[in-house]
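Working notes for the structure below.
Each chain carries a letter (A, B, C, D and E) given by its place in the written order, and its residues are counted from 1.
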Amino acid sequence: MNSFFLILLILFAGAGLSFVLGKISSIISGTVAFLSIAAASALFFTQIEMGSFIEFSLGGIQLQWGLNSYGYLFGIIVLGLGTLASLYSISYMQNKERTSGFYFNFVLVIAGMTGIIFANDFISFFIFWEIMTWASYLIIIYSGKNVKKIGIKYMIFSAIGAYSMLTAIVMIKGQYDTFLISDAINAGAFNFIDNIYIPILLLIGFGVKAATMPLHVWAPGAYNNAPTSFTVIFSGAMSKMGVLGMGLVLGHMFTADRSGSLTNFFSGFSVIYLQQTIGWLGGITAVIATLYALIQDDAKKLLAYSSIAQLGYITVGLATGTKLGVMAALFLAVVHGIFKGALFMVVGAVERQAGTTDMTKISGLIRKMPFTFLTALISIIALAGIPPLGGFVGKWMLYEALITESNSYFLVIVIFFSSTAAFLYSYRFLFGLFLGQEEKETEQVKEAPITMIIPMLVLAILLVITGAFPGLIFSPIATAMEFIGFKDVTWNMSVLNNVWGNEMNLTYLGITIGVVFVSIFAFITLKGLKGTRYVGTKDISTSGEIPYENENLTFQINFFQPFVRAAAPMYKRSMNKIWNELGNGLEALFNFTRKIYTGNGQTYALFVVIFLVLMLLFKDTLFV
Amino acid sequence: MQNFEQYNSIITTGVYGSAIALILIGLYAVLIKKHLIKIVIGLSIIDAGVHLLFVAIGYIKGGTAPIFSPGNEDAVNKMVDPVPQALVLTAIVIGFAVTAVALSLVIRLYKHHNTARIDQIKSLKW
Amino acid sequence: MKKVLVLVLLVIVGYFLTDTFNLIPFGENRIGNPQDEQTVAGYYLNNTVEKTSVANTVTAIVVNYRGFDTLGEVTVLFLATTGLGSILFRRKEDEEEIERINKPSSSLMQTGSRVLFPLIALLGIYVFIHGHLTPGGGFQGGAIIATGFLLMLISYKNFKAGHTMLNWVESLAGITFVSIGLWGLLTGGTFLENVLPAGELNNLISGGVIPIIYIAVGFKVAAELTGVLDILLNIKPKK
Amino acid sequence: MVISPVHYIAVPLLAAFTIPLLSKYIHKELARIVPGIVLLYSVFVSIVLMMQVSEVGVISEKIAGWSAPWGINLMFTPFSGFLASLMSVVGFLIWLYSYNFKKIEQSQSQKYHILQMMMVTGAIGIVLTGDIFNLFVFMEITAITAYSLTSFYRERDGAEAGFKYLLIGSFASVMILLAVMILYTQLGTLNMAEIAQNAHLIPTPLRATILVLFLVGFGIEAEMFPLNGWAPDAYSQSPGPIGAAFAGIVVKAGVYALIRVIFTLFDIHGAYDFLIYGGLITMIIAETAAVAQTNLKRMLAYSSIGQMGFVLIAFGIGTKTAIIGALFLMFNHAVIKSLLFMSGSYLTYNSLNKKISALAGLGKKLPIVSLLFGLGAFAIVGLPPFSGFWSKLYVLTAAADQNMLLLIMAILAVSIIEIIYYFRVVSTLYYGKQEDEEIKVQKPSINAMVSMLILGATIIVVGVYPDIITHFLNNAADMLLDKASYIQAVLTQNIN
Amino acid sequence: MITYVVIFSILAVLLVASALYAVIQKDLLAAVISTGVVSLILSVFFYLMQAPDVALTEAAIGIALTTIIFVITIRNTSRNEDETVDNNLEKF
């Protein structure tokens, strides 16, 4: 059997099997899910040759599945993270209800994403996209909390996205008579000059998943509401599907040959205009999400907003349309998948062991959960963009691309502001959960079980490796970029020289970084192991001053209060409110229109006669 | 028979006019009258008008009924159109069936709501 | 307000109806010359006698050419009866002594009905037996018989239409109709095909299966209509 | 005996007339069993004829031995045959479902089953007949059964719904009669093929009048706005399986008639636009009205109306892809909406006002029924990999081919509304908090379960592998567009 | 011929008048009887238009049966259109 079919079959069968077996035991179900994803990953990395494809027809539509370098890049994230997250889930979900449904949908999401990666035509792309969407919807509402508020919002925005995508797909079919992605690209479907609607609709569709302003409002709630072991996938891999699509569209749009249409002044202008718009949307997303991340007291929500902010960077990178910018974006996408996956795993472990993720309630877990802390530390370093880990490389490349290649200085300022603010919440996260004094409530907390530790550590190690040897990721990215139109991406030094200097060899750099990192880690650990005096967080000396009545002395609450006060105007207006108003308005309208059905049979009869009369009056113009 | 032409318009107006008038009167009853029985009466008046129109379109001036009687076998050329008549037969019976069902519904509505006014029977709406 | 709207609508509907029928002259021969067999009606008029030996063309059309319509129409009546029964169904528990009429009818009425009933029934039967020869037929005859039953139902408090009898008549008549149709399908190849010899014009026994079907229709219609009346009359009147 | 289309009609009629005797003198259970056997036989006839028709092309049957313009004929074309088969299958499943749906008196049960069987028969008759007046007669058969079945339950406001339906339905029959009448004066024939052949001979104003009367008359049966005031009431007050029958059978017949008139009888450009605009308004109004419903069945009813609007749009686009999409939609609507009504009826089995909020927490008590309802909800909003997706895709593709961008946007916007209210129900089902006092749940009987599972399996199988039916749809669309061959098949029929 | 036309005209006027009466009359029983009159005249019309079959049917069904089921319905509901006066049929 063909490997493509086999992989998807394994995944779908795994989904079904874990659903059925979930009735018996949660662990069996989780194990089946893990095994099926692991098996699929193994097949994906060993059996499928790059560039191979199969063709078949379904419902009279020619479909093509294959694997290209671009898909492969995302396949690494999806299946790698999927395998780890499913392993992680086994313990995380151990004592929860309805686990069969969870694993069923979990594997379906993975299957959907794998299918998206395989899809070489828009129809299977859309089918798998939708499978991914509804399966993730079912997981988001799985806990039964906030179903109406968050679940429906997620589904509505997903539907808006999916349907704009579908509109674009059928328009491509209508204009170019093809469903194949490659044919559409060759025909110039993404060429913004000829088709304004198709790329924009597709971008809306992918923008929803990538949580770009103003379509991001579903994301914080959805990320937070899903079980944490799924949020790993959700934030780490699923949002990357949006990036995948945006990269595909934008890449081909910016690299399209416009020599023929350059005569038109406005057409060239419009591409730049779109580019700027998307870039700014990404930038604003990054800033706003960062600001919101700052005021969160819940670690999971903090990470949720942080994810949105990171996706904003990626969007900015993609929107530059330059080799360096896109490369930065894709690099960030991969690294974000790893560190955000790790961070959510950390939060999940804390949630499972301590029962809450509220940073005002717990602190000082470093001694109880050292491995978890280690993962968190490494990931936070990567997240905040502190050298030497991957986040720094990506961000540096992004700045460079913005400054040198697209001259977007204001955007750089915005991004830089956001990155700086990201330090604050990164610190908050690390401090709130792990550092500080131990709380009484967390005395009984133990380290997470081994099946949760392993995936976390694997991701942490990966972070260190990618930080040390970014070339490991640059190599697949370079080949992937060829697929989206950036030819001749030579990543060896010539692109990177602006980051690390011409002379320096990455390997040595990596070793240096590794040594520095290990020594820091050893220092911290040793220091942590030595006995220190621990005081409760609420036990604060006031240095002899009498506190005012309404002064909050517990610094865990209102952590960044001065900052928040400074940025208060930014919080006032939120996209959420606008969407809510729109929803309420529409609902009122719908309530009004249905009053047409008055309940009086005679009125209905009157409608019939009025309609008949109208038709008769206009019959000679309507039906000639 | 020579006077036929001058009376023709009277008869045309009479038949078509009264048929259309029946339809309109029935329609008026259905759309304005509140009592269910009045509405059903209106429906049957509309039906009557339509049946009259149906027969009227089959009529041929000076025609005879489409029945062959002994010694009348060659009257084919003078016979009125039998098809509309056959259709009206069917339509009348169907109309009766519908009226019967309508009236039974009226009875049940009256028992249920204790009124037969259509504007007071609207528990199903929106 | 509503009245004005309705009146305006009626005027417009009336205008369009008049306008339409102005284009359809009254009393005009639209068949053309039957001998040419241009139209369906011409074909019927021209061929009925020859092919079916039925004097009444309308009967030939109703029962034979468009027999399928008639089957449907009988079914509509049957379904109306069934539907009526289900709509006006009373549970056993809330069924009380049915008082069909508050006061017994006068003896004049009773005697009159008793005398009239056989005559009316006879008339009805005559009408549908001769349906293929003279005006009238199954529907008319059946309806006439039903009026006879109506007379009996309202004159006699205890007159029961005889559900068993009604059921049998209704079912057998219907079965006969469909069976004749199926017989035609089996022997002649098409449903309702006239498989019996046409016979001679203006004989009582002529027209093949047409009179049989029409008699069945007659019985069926009579039974259905009586059933309708029976159901309606058995409703407990409101106090 | 050679299987021929007339079996669809003759056998149920024979059974309907026989059932009162059988149940009285042989065994009373026969009143419920015989309709099932008859409907199963219809399914068998469908299978045989569908196999035949794919070889022959068109099966044309004369009634009473008179060939086409003189007598009535039945046309089993790939198009009408597809619908007839669909109706017979759905009809059989509805019988299976309602076999012991609720405990009702024996005599009522007998009437119910006769009426339900005849409803299917009438609808199949509409689809098969080649004669416009015969179509009217069958429409009346369907209508009378529908009126009676709508008002079947005494506890509900069925009589009210039934009366409204009857009132509007009478308008429909008057208009159709008038149209048939005017048509007859102009062409002297009632045969649809001959009308189609000569329709261009009718003077334009009269042709337009006839068309308007037909469109409004059949538009009522096809639930087109603003002619559909009866529909939500009728759906919501009729017994659960009858709601399914409305969606799966009765409306389909109405749409068929509308389509036949527009595509075959009067091939006028304006009529296609009429379908698009009428369908669009219907869809928008109905789907928005569904959002705020608190009554589950009423919500399903509005959704059903909206779907029919979508079908009309699809037919209005008029290209082959669009017609395939429209037929696929009809198929999906029949299957999915039947499933929704069936499972919804068990979810609200003992609830009198069928409130959505009363569904809270039923996901645990009735797991399989809830799952099937969820499946139906997912399928009807067009999520892949369920069958609803493909139909939507075909229609949208066809619309895109015609450059109807706004139409596509409108359809998809309405789909989002659909998602909102369906997902609200599904989430209430699984995560809702019980607010009112608990209503006793009813476990579905085995036969109802089988019926629902068949429908559910169909949704998934067709969704995953649509080629199962696209072949039939393809032939049907070809047939519908090939007016000439229809006319030829009818008018040159010889004794087969 | 003139007699024919006069009779015809009178019938037509009567037909419309009785239909109108049926609609405006508040007493439903009278309205129903009036509807019966409409059917009666209609039946004569059918006869005049050489449609004896239809005339017979209309006579039997339209005049007798339809009227009688209307009357039964009125007996079971209310006799007056306004429903204020409760004068149900004592008997019929």
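Here is the rule we go by: a contact is a pair of C-beta atoms (placed from the backbone, for glycine too) under 8 Å apart; a residue touches a chain by one contact, two chains touch by 3 or more.
Source: prediction; values computed, not measured.
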| item | value |
| --- | --- |
| Chain whose Cα mean lies nearest the overall Cα mean | D |
| Taking each chain's C-alpha mean as its centre, the one farthest from chain A | E |
| A-B or C-E, whichever has more C-beta pairs in contact | C-E |
| Chain C and chain E, separation of their C-alpha mean positions in angstrom | 20 |
| Length of the line joining the C-alpha centres of chain B and chain C, rounded to whole Å | 16 |
| Distance from chain D to chain C - Cα centre to Cα centre, in angstrom | 30 |
| Touching two or more other chains - residue numbers and ranges from chain D | 133, 137, 140, 144, 147-148, 151, 154, 159-160, 162-164, 167, 185, 190, 205, 209, 232-233, 289, 292 |
| In chain C, residues with contacts to at least two other chains | 2, 6, 9, 13, 16, 24, 30-31, 40-41, 44, 56, 58, 66, 69, 72-73, 76, 79-80, 83-84, 87, 135, 139, 228, 232, 235, 238 |
| Sites on chain A at which at least two other chains make contact | 594, 597, 599, 601-602, 605-606, 609-610, 612, 616 |
| Contacting chain pairs - touch in the sense defined above | A-B, A-C, A-D, B-C, B-D, B-E, C-D, C-E |
| Touch list for chain C against partner chain B, complex | 2-3, 6-7, 9-10, 13-14, 17-18, 21, 24-31, 33-35, 40-41, 44-46, 48-49, 55-58, 61-62, 66, 69-70, 72-73, 76-77, 79-80, 83-84, 87-88, 134-135, 139, 201-202, 221, 228, 231-232, 235, 238 |
| Touching residues on chain A, where the partner in the complex is chain C | 606, 609-610, 612-613, 616-617 |
| Chain A to chain D touching residues, read off their complex | 57-60, 123, 126-127, 130-131, 133-134, 137, 141, 144, 147-148, 151-152, 155-156, 159-160, 163-164, 166-167, 170-171, 173-175, 197, 587, 589-591, 593-594, 596-597, 599, 601-605, 607-612, 615-616, 619-624 |
| Chain C contact footprint on chain E (complex, rising order) | 51-53, 55-57, 59-61, 64-65, 68-69, 72-73, 75-77, 88, 90-92 |
| Residues on chain C engaged by chain E in the complex (per definition of touch) | 56, 58-59, 101-103, 127, 135-137, 139-140, 143-144, 146-147, 150, 154, 225, 228-229, 232-233, 235, 237-238 |
